[in-house]
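I have a structure here, written as structure tokens, and I will follow up with some questions on it.
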Amino acid sequence: MLLDVQNLSISFRTPRGLLPVVEDVSFQLAESEILAIVGESGSGKSLTALSIMRLITDPNAIITGKILFKGEDILTLKEPAMRRLRGGAMAMIFQDPMTALTPVYTIGAQIVEQIRIHTKLPTWQARLRAESLLAAMGIADAQQISRRFPHQLSGGMRQRVMIAMALSCSPALLIADEPTTALDVTVQAQILELLLKLRKEFNSSILLITHDMGIVAQTADRVAVMYAGRIAESGATGDIFAHPMHPYTAGLLAAIPQLHGPRINAFSAIPGAPPAPHEKPAGCAFAPRCAYRIAVCAERPPLLHGPFRQVACFRAGEVA
Amino acid sequence: MLAFAILIVIIAACLAAPWYAQNISQSDPFASNLDGSITLAGQPVDIMQSADTGFGVTPIGPTWTQKYFLGADDQGRDVAARILFGGRNSLLIAAGATLICLTLAGLIGIVAGFSGGFVDSILARILDILWAFPVYLLAISLSAVLISRGLKLGPVTIDSDSLLIPIAIIGIVYVPYVARPIRGQVLSLARSDFVLAAVCLGVPRARILWKDILPNVITTLIVFAPLMMALNMLTEAALSFLSIGVQPPAASWGTIILDGEGLLYTRPAVAIAPGLAIMLTVVALNFLGDGVREAFDPRAKIRVQK
Amino acid sequence: MKTIWLIAAALLAVMQAAHAQNHRGGTLKLVAASSDGSIDPQVNYTDQYWQLFIVAYDGLVAFRKSAGSSSNDIVPDLATSVPAPQDGGKTYVFKLRQNIKFSNGQPVTPADVVASFERLFKVNNPNAGSWYNNIVGGDKCLTAPATCTLPDGVVAGDDGTITIHLVKPNPEFLYQIALPFGAILPAATPPHDMGTIPIPGTGPYAITSYDPQKAFILQRNPYFKVFSPEAQPDGYVNEIDFEFGVTGENAVTAIENGQYDLDMDPSLPADRLAEMSTRFPRQIYINPLLADYYAPMNVNIPPFSNLNARLAVNYALNRRDTVQIYGGKNLGVPACQILPPGFPGYQPYCPYTKNPGPKWTAPDLAKAQSYMQKSGMAGQKVTVITDDEGVDPALGTYLGSVLNQLGFVATTHVLSANIQFNYIQNTNNKVQISITLWYDDYPAPSDFLNVLLTCGQIHPGSDNSVNIAGYCNKQYDAKVQAALRDAITDPAKANTEWAAIDKQATDAAAWATLFNPKQLDFVSARLGNYTFSEQFHLLFDKVWVQ
Amino acid sequence: MIFLVLLRRLAEMVFVLFSISVLVFLIFFATPGADPAARIAGRGASPATLAAVRHAFGLDQPLPVQYGLMMKHLFITQDLTSFVNPGQLVIPAVLQAVPVTLSLVFGAAVIWLIFAVAIGVTAAALRGSVIDRSLMFLAMAGVSMPVFWLGEVANLITQARFHNTVLFSWVPALGYVPLTQNPLLWFKSLVIPWTVLAVTYIGLYSRVLRANLVEALTEDYIRTARAKGLSERQVIFRHALRMSLITLVSMFGLDFGALVGGGALLIEVVCALPGVGMLTYQALQNLDLPFIMATVMYGAIFIVAANTVVDMLYLLIDPRARGAR
């Protein structure tokens, strides 16, 4: 197992007390596998991804549980060791390519910077590598482009640059946090294809964070659906799409438009809104919006169960 | 909030100056008192103390009692009382100058930004000229003329000893600092989508000005106000220190520092105390400015230049 | 016996010479806040620079370089003797010394003397129109300075004599040419203000460089040989450096630390005096000045057009307080009258005091209030104009305070010292009352009573109208003219007349005289042989620094 | 492109200089007590002498002619002389004062940049902590002090009160010593003025820098930089600081220009440094029009030039601005 997240919880110290944002999340990611974590904004999926990179800088954050990367718990790693991992064995690409690159350096320089941190390559070799990476991302005039500044590139190009940068040290794990959200539909497709192609070429595992079920369907091997800081359901993409066992997943899938239809927000199809972290009910967080809720839902949160296909619902079998 | 409380205390103390002079220090802070003496620990003590050698006269130092709490200046006047009175002028000048500066800057900024074209370029040039004129130079030149002759503008006559002169001078010199950002803001507002839309819909320009532009400009001006006032306090002090601000016997914190300059080595309290008063007030104003800025416009990047 | 005395005398002379030799050398370091204008001796009109000019230049005659009142005497300088006036006071004949050279090596000739007098007009000497136009041909020169010649006024004879003809007798002529304006310069000196370029002179020192932002430097004149120790002694120090840019407080500290020898600025910080006088009593010298600190009141505009208002101010002023402000009771003498003590014709007189008599004792507030009441001027706005130098702002503030107590509504305006004196003179500025100071040019009563208070000194609308009070009284003017005439023939009689004139001017109360200041010199520990001339103050060719 | 911008700037500068010089000229002749003839002539000069002086100095010409003459002497023949110290050439005096001011401003700038960056970065790195808060309070206090007052207090401490203690016995008397004459003394005599001048700007810059850094640290590209494996120090210095410096550099350009242009007037006066500020101050005190004119022109040139340099610098350090032109 490349990545094994066990009972990860993230909470924040606030003036109003401890605020749990991610609770008891566990999942695994095998080598060259694509796992998609799906959820609405605020469901804790991005924080989960950031915690794997240990990029949560807020001093008020409390992270518990284990994140085993290649068998080593990175939560206990010392900062220098962690830095070697970041950008080296694990890399991340972010949602908005417009703002994720430092405006004052050429993109070549920014890629070179990362290569030089993690390898002993001299600058000129790092440059060549950066250019070849850009070329591999399907950028035609890589040499030219590497001398440009971020603001001189289109969004799609920038996302390619981000990916090139992330892949520059051949990471075992690539975390892609909403990599296409900020892009046009056509560019989106290109980027997704690129990701799939890269998995083959670089043999990386990919943790894909998204809120778009369509993307999940196109790319992921497995899916974990998050709701209000917990995993509601996880399993192979095909299984989940075929037989959602959690009412929330079912709701999400029901709202997916037919192939290539107009995009609408899947989440809005379910009545109500997810609770804010400090308003979470005592039991199942989804209960207030759930058509299947029963008395016990309000008492305690359902535990995730099942060996391969996991669901956190007291009435998992009844959802059709 | 603390800043605001401190300001209120300072203002209240300055307003209480006459009461302090009458009841605590029991002296006229504007009349020379070279022959007086007070009783300290049962002993009469001269306020102006002559050296035994017959030359050299030193005013009494801080007594830390009711009378002459901070000692006397070279005229034998109670420094503590003068600082309170001086604070009134300093605050008044700073506030008045701020008002003038913001009004002028707002007006110029709006007119330039909103009318654009020829009027804009003329006003922008004028701002450029004022901008390139070193601030103290402009202030000093204007003061030199006005302090010695007063100002006659048609029916309006301002006496040369009027506080209006420093107020006007300080108010004018910093106009470009505020007018430029306002002009930029109005310019971008005037070109913004919602104003363009309004124009297309045939909304009268005056109404756009009133409804859309003015509120924005006023917000910016409010954010500027405490910062400009802080800057004006410092400028007033500097001008008075160069003896081209407030004229005696009236006092401001700057003139008291000047009075104390000659006594710096023997009676440093005379110069240090008003300096601390200025510092405290300006710190409070600056923090207030930060607070106001956060309250109104957390992302605004305003910088008041020195 | 005689031989012993001779030997003793010889020994003494040797010792003295050795003494002089011992002290000879070193650099005298002077300091001031700022420079004081041109170094053309025929142009500059400041005490500071005159003090330096007198060791670099000579006139035909000079004031004696000595301490005390003998420093007011005229002695021969480039002329071999002081001539007696001829022709009823209209002609003076000088005999020029032989073999004297300028600091550029050229000999001094009668032609240089003639050219120097003409140059006074060409460079627009400040007193060209008030003193030197009395030389025959002078008035013509005033109207066309560029082409000025004085063929009938200053005549060089073949035998090295110079004859000067005046239009009318002038008892003060020798004084006027003994000042640095009367310096004899090479005839080739360009006929315009030389500004910062040194002009060769005949004194023991020559100006070697001048930068108004930095320093004024004099070094020994290689061509100088002592020709008249009374008028121009040899001088001990080798160099005089006068640096600019250090102000009061800091200059005092620097002198205490031995970095400078003397602060040339007129007043020292009052609050440091106590410390200085107790810590360094031997480095302090105090000498009376022939000067008045006074508050001229404009007699032509309200409220001081009213005599009672002026009297009220005079009675109310506590002159002891003003002396306190100036620096303490030993630094000034309270005064009521125009003439300072020590002047010819001076008779102590003080009507404006508790017990009128020769001396001021205390203010008479009761009288002041009653005059104030009579004047009906209470509530009038008054602005005191003072300058920003030394104790002047404090004196102005004090005067304002007194006026307020009398019932005026007074404020004080502090103007830059560089413009205040011109500002208060100009009638256009409508100055009501101000604080100013007048030093004598030379020890003649007319320098105060004529120059500062006669009708002829009022020039409406001009920045040069030195009768600041605007006092004009024909009968008074006539008395002044009479005294001037009598001074040539009967100085004693003239002095009684001056005393009466002084009294009349004092009674007219166009001024509130405050006090006669004393000069306090705070010198470095190494400065020796301090010699104070009443005319020019500390004599730099008398002091030594080692 | 750049050439055109420069040309336009130059035209603007000439216009600004012209306007300012006219303004100064008019202000001067409106000031009572400033009649140059009366002061050149000296006390007690008779009206005839006064008229002669007025004529000799061309002061009887109409104002526009006088203005033209003055500009000619200032810019073309460069032999303008003082009204108060006749014969003193204005331009060499200004040139002589420039090194003093440059010494003062350069040294202060080094101090204020070092301290401002150190304080700003420390505060931003420790944002929210007690250290951050106390540093920012001190910075605010620094901004809020009247600089001349601080100078006086510094003089009091180093020249008098504690001059004889180990701490300050090395402080030489006030004044300036040229670098070429005695480098050590030059340094010693400038340390206190440098510090005093720097205090305000340390306060100002460290606050601005901290605010910018804190804002920058929330930006996405900082997260990217961290994700690349950069250490926190590298993140702050290479990415956050580099971006924040853009604002700081433009501030610095303008402040530096203003100070070199005579804005350090008060500190020069208080610390007895014969720089351009002092020259300006004395010229204003003396109402010496040629000097006022020269120093104002000099100051304005520096301020306008600083504006231009800042614009150019912007192109250099902020690639985004290059596209915008």
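Letters are used for the chains, namely A, B, C and D, taken in the order the chains are written, and counting of residues starts over at 1 for each.
In this text, a residue touches a chain if its C-beta (ideal position, glycine included) is under 8 Å from a C-beta of that chain, and two chains touch if they have at least 3 such contacts.
These numbers were taken from a predicted model, which means no experiment stands behind them.
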Comparing each chain's Cα average against the average over all protein Cα atoms, the nearest is chain D
More contacting C-beta pairs: A-D or B-C? The answer is B-C
Outermost chain relative to chain B, judged by CA means, is A
Whole-angstrom distance, CA centroid of chain A to CA centroid of chain D, is 53
Expressed in whole Å, how far the mean CA point of chain A lies from that of chain B is 56
The distance between the C-alpha centres of chain A and chain C, rounded to whole Å, is 93
CA centroids of chain B and chain C: separation to the nearest Å works out as 43
Check: chain D positions touching at least 2 other chains come out as 31-33, 155, 160, 284, 287
Within chain C, the set of residues that touch 2 or more other chains is 415-416, 419, 423, 429
Residues of chain B that touch at least two other chains are 144, 148-149, 264-265
Per the touch criterion, the pairs are A-D, B-C, B-D, C-D
Listed in rising order, chain D residues that touch chain A in their complex are 128, 219-221, 223-231, 238-239, 242-243, 246, 317-320, 323
Contacts from chain C onto chain B in the complex sit at residues 248-249, 269-278, 281, 286, 318, 320-321, 324-325, 327-331, 383, 388, 393-394, 396-398, 400-402, 404-405, 410-416, 419, 423, 429, 520
Seen from chain D, its contact residues with chain C in the complex are 31-35, 37-50, 52-53, 56, 81-82, 84-89, 93, 96-97, 155, 159-160, 173-175, 272, 274, 278-279, 282, 284-287
Chain C contacts chain D in the complex at 34-35, 37-38, 40, 43-45, 124-130, 133, 142-143, 145, 192-197, 211-214, 245-247, 250, 253-254, 257, 259, 415-423, 425-426, 428-429, 451, 459, 462-464, 466
Interface with chain D, chain B side, in the complex: residues 125, 128-129, 131-137, 140-142, 144-145, 148-149, 230, 234, 237-238, 241-242, 254, 257, 261, 264-265, 268, 271-272, 275, 278-279, 282-283, 285-287, 301, 303, 305-306
